[in-house]
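The first chain written gets the first letter, and so on, giving A, B, C and D; residue counts start at 1 in each chain.
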């Protein structure tokens, strides 16, 4: 069941690009929807333990591995990809363009699926880079100057991160002669205090922090998220950078660095700074998407903070928040896509009163905003609660307090957004705005339903879904 | 084999100096193409380091495999980056990095 | 050992020249030169296959990409180049200083290399490693090449 | 019978309540039918469940907070009682509430209240208990608020008073859970010193305020005027007593190791004695049928608290027996009040009188219930009070004195009420009054009949319902036969009350004014006047203090407002603009940040390794 997650999208790309374009161009969207739905189903089957479903997985083992963390990530990749495809269908004009877009989404999908299933540092680098290259092109897809600027910044910073990660990998190769996670883990364990290994750890963490957009490594993020085409920013903010940066960090801190205390203290610090800088920067934004980008930095800070706490509960909270964030942040970006396509601008000072014109967008945005700010009983509340409880239990009272206070800031800037965009009087020139097309509203409704559903069923989820996640922590 | 550490340290210094050069180029220049050249220099440094590690640890084959993969990936990245630079030039008739500061704050 | 030192120094010199020269074209040539020196070093370090790749792809393909890019974008006259050279020197004189200082400083540091290797001696054939042991990486390469192709299509089509 | 059946007493009324809420205003009979069916089904179910012992638990939120329910004889007994009362009140309401506005809300609240009560009684987890308890607060608020226009004020008063005591309960639960290390009620057994005593007091406040003890009672007389009458019979008179005393009994018997001769026991008995006397004094001088009854609803709680507070088996048995007796006769009394109100359109005693010929069934029911509440043998109220007297006498004469004085005053006030409402001359407006309709009579008669049965054959409820709650080892084979000395004293006191009434009627000229000499007694007059102006109502005292503080608070509020509106905003925008200015948009700058970050990280790692 694992290798098809890589090979099927690859097969889809190859078949779609056979010289029968006139036919495949029309099919590409449906193939995309089919692939993402299949991925969701496959994850559910895997989670329920249908090993027998792995009929042709055994012919291509590819050294892939799968645990509960992987499943969570695969699930969110499937969901967000589905939303991206639906939004892309609506927002990207021209069949040819859409075809190119779908191809790139498939590439990104392979990259992300690979990233979460492999167990080797060098392969990790390769698949992160696959995701990144697809993201560069997706950002620059419509070739307007701002998007190119965002893409170029992303390339430079991402290449810097790559260099750091590769240096780190080669140092680990020098120490143990292999690049698998297990080998790297033993290197870290056996050579405590070796300056080379310390440098390797530091470089790898920093590389991943750049990829994940954590302060102070986040410079590329606001530009890339805000300038990307609507559909691309859903994918990028929702899952792409989270998989390549944050997931990898979770994986490495748990299986390679094995909750090293010095690493944890750095993560705590970086997380807190991210939360605060992201939240304060978001307050001052007038651009809808840029505000969401900074909010993303702030929310990623919570994940990093929980990771730095290091207890099992904290890591469950981190994974849960990662999942929730991928859902509600892509939902917010879907809403921004709706606003952008219907009103032609994302400048919040020019928007206003869209709530009555776009009821679905308004309602789903409200759900996403409340979930992001951590209002019960939505999903975001529970993950933040778990993180804060974990911090408190681990006697990190200052960090817990900051985390709580920062959610007030989150509430503030998102409320500001909601008020400026959706409430109040209809702004000038927006009298004829209508609800966005069904692709966008479908995506928004699905994501909102997931956020509410996860939140409401949390008491059940906690024991039956969330606690088992910790099984990957041995 | 007493000179193994010496060779390692010599070329390590070379790789580190390449890193410095690459980052210097990346930070100090405004020209977008030059920034990409800086990235190339950084990549070369890493390639050298991996090959060197393979040589020192007698895992030449593995190191070569990694280096080849790395080279292929970098060429793709550079190709995409050059494509973006060309698009920028098409839009604003310049490849000055200082003009690419519209998204700030 | 002497030849190694010469190679190392010339590698750094070529890289520094690449960065410091005013004309982009010369810069690209400098990059190709750096690549060639790196190729020789790789040969010396028993890595012929990677060296061939480095030579063909980095010295060849990437230079070609850069040169086509430069020819599509920038045309400098000689005077402009001379003016630029001056301007650059005022900004880049620091680089050789830093390089020399760093080189000297690093030469003094001694890092012990007495790790004992845990992993068993690995496969010695590069092709075997690429095709049989690291086929996940192969898939990654294939996909990234596809991505590059899509990127070129997306960015260059009109 | 599977264990999950235990969910039905909660689920059936709750779902029925929601369904009723959705039904439009005009379709009355459907709503009534649903409410009747739901309560009847619940009653049937609880009766079939009566002999069962069920422990039901599903994981709920983690952290030791499970959705745990426990059915055993005590909770089963309360369940049956609550369901039976609900059924009768719905039956009564079918006639009484007809054509009143907001019926769907009324039935919804009524059914949800039943569901929440059942949930709270069954809950075997403190947090779950709290969950249902707070649910009751909401329905209480809703019930009062749908009364006559202007009832909002009373509703808010009730909400504040009950809310504050619920807060105490919440803190108590938190403290108890912390001390016991578990939230499962059946596993808790805490000693009552230092923090344990505090936890007990906090939980006790929650319990007795639900039961309506002094000083948490002041909303009840107000609500009696404002809220729909079945609500009064339903909540303050029966269900809340059941629930409050149930919780009090649980905490004193199971959850805390409460001993006689302890200060906590003394505290409980004192609260009980004060509640009896204060409320009955107020009841005596009321001139309104419903208000008079509502003060008695407070007063009788005192007996229950006194009984349980004695910590003697006989006292506890008496308290619990009084709980069920009280629920019976007090709801019966309220129902008679409702009948009178429905037929004559008023509950002002000045306008009533001579109704006994016009409404004979109501009058008989009233007489039985009044005799019962006054403790006239052989009605049920007498037997439960007699047990409490017995226990109080053991613990101190002063408590016995308070109890017997309370009985005297109760009897006096009911003689006055009966005289004023049913005897004497009939007024002009009430000439054509007729007996109430059957659906309203049935509940009254049934309850009155149960009063008689529980009185004459008092060993039936005692042996089958009350004694198993304490368990054999606690009772230690004690038998509670009637104490002839106490009976004699009681009878003397009652005869004294009758004589006093006759004397007072002779002096003042009418039953309506029978208590005027007490009202205008030299010392009491001032107190009564002040009490009528609500000088002693903690809620109103609180309100005055709050008003006094409000001016001061206004300045503080301005300051806080400044902190929120200006200071915080300035800080936030200032930081925000600094951060924004730092993002210059230059990729080189961002690379520099990253490199500095790397250096910092590596240095930190080097240092701490």
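Basically, contacts are C-beta pairs under 8 Å (C-beta built on N, C-alpha and C of every residue); 3 or more make two chains touch, one makes a residue touch a chain.
Just so we're clear, the structure is a prediction, and the values are computed from it rather than from any experiment.
Closest to the protein's overall CA centre, chain by chain, comes A.
Comparing mean CA positions across the assembly, the chain most remote from subunit B is D.
Spacing of subunit B relative to subunit C, judged by their CA centroids, is 6 angstrom.
Subunit C and subunit D, compared by their mean Cα positions, are separated by 83 Å. Taking each chain's centre as the average of its CA atoms, subunit B and subunit D sit 78 Å apart.
Subunit A and subunit B have CA centres that are 27 Å apart. Those residues of subunit B in touch with two or more other chains are numbered 22, 26, 28, 35, 54, 56-57, 59, 62-63, 69, 73, 76, 80, 83-85, 87, 100-103, 105. Within subunit D, contacts with two or more other chains are made by residues 580, 583, 585, 587, 591, 595. Counting only residues that touch two or more partner chains, subunit C has 111, 117, 122, 134, 137, 140-141, 144, 147-148, 151, 155.
By the definition of touch given earlier, these chain pairs are in contact: A-B, A-C, A-D, B-C, B-D. Partner subunit C is touched in their complex by these residues of subunit B: 3-14, 16-18, 20-22, 24-25, 28-29, 31, 33-34, 36-38, 40-41, 44, 47-48, 51-52, 54-65, 67-69, 71-76, 78-80, 82-87, 89, 95. Every residue of subunit D that touches subunit B in the complex is listed here, in rising order: 580-581, 583-588, 591-592, 595. Note for the complex: subunit B touches subunit A at residues 19, 22, 26, 32, 35, 39, 42-43, 45-46, 49-50, 53-54, 56-57, 59, 62-63, 66, 69-70, 73, 76-77, 80-81, 83-85, 87-88, 90-92, 100-103, 105. On subunit A, the positions that touch subunit B within their shared complex are 122, 126, 129, 132-133, 136-137, 140, 143-146, 148-153, 155-156, 159-160, 163, 166-167, 169-171, 173-174, 177, 179, 222-223, 226-227, 284-285, 290.
Residues 59-62, 572-573, 575-577, 579-580, 583, 585, 587, 589-591, 593-598, 601-602, 604-606, 608-609 of subunit D touch subunit A in their complex.
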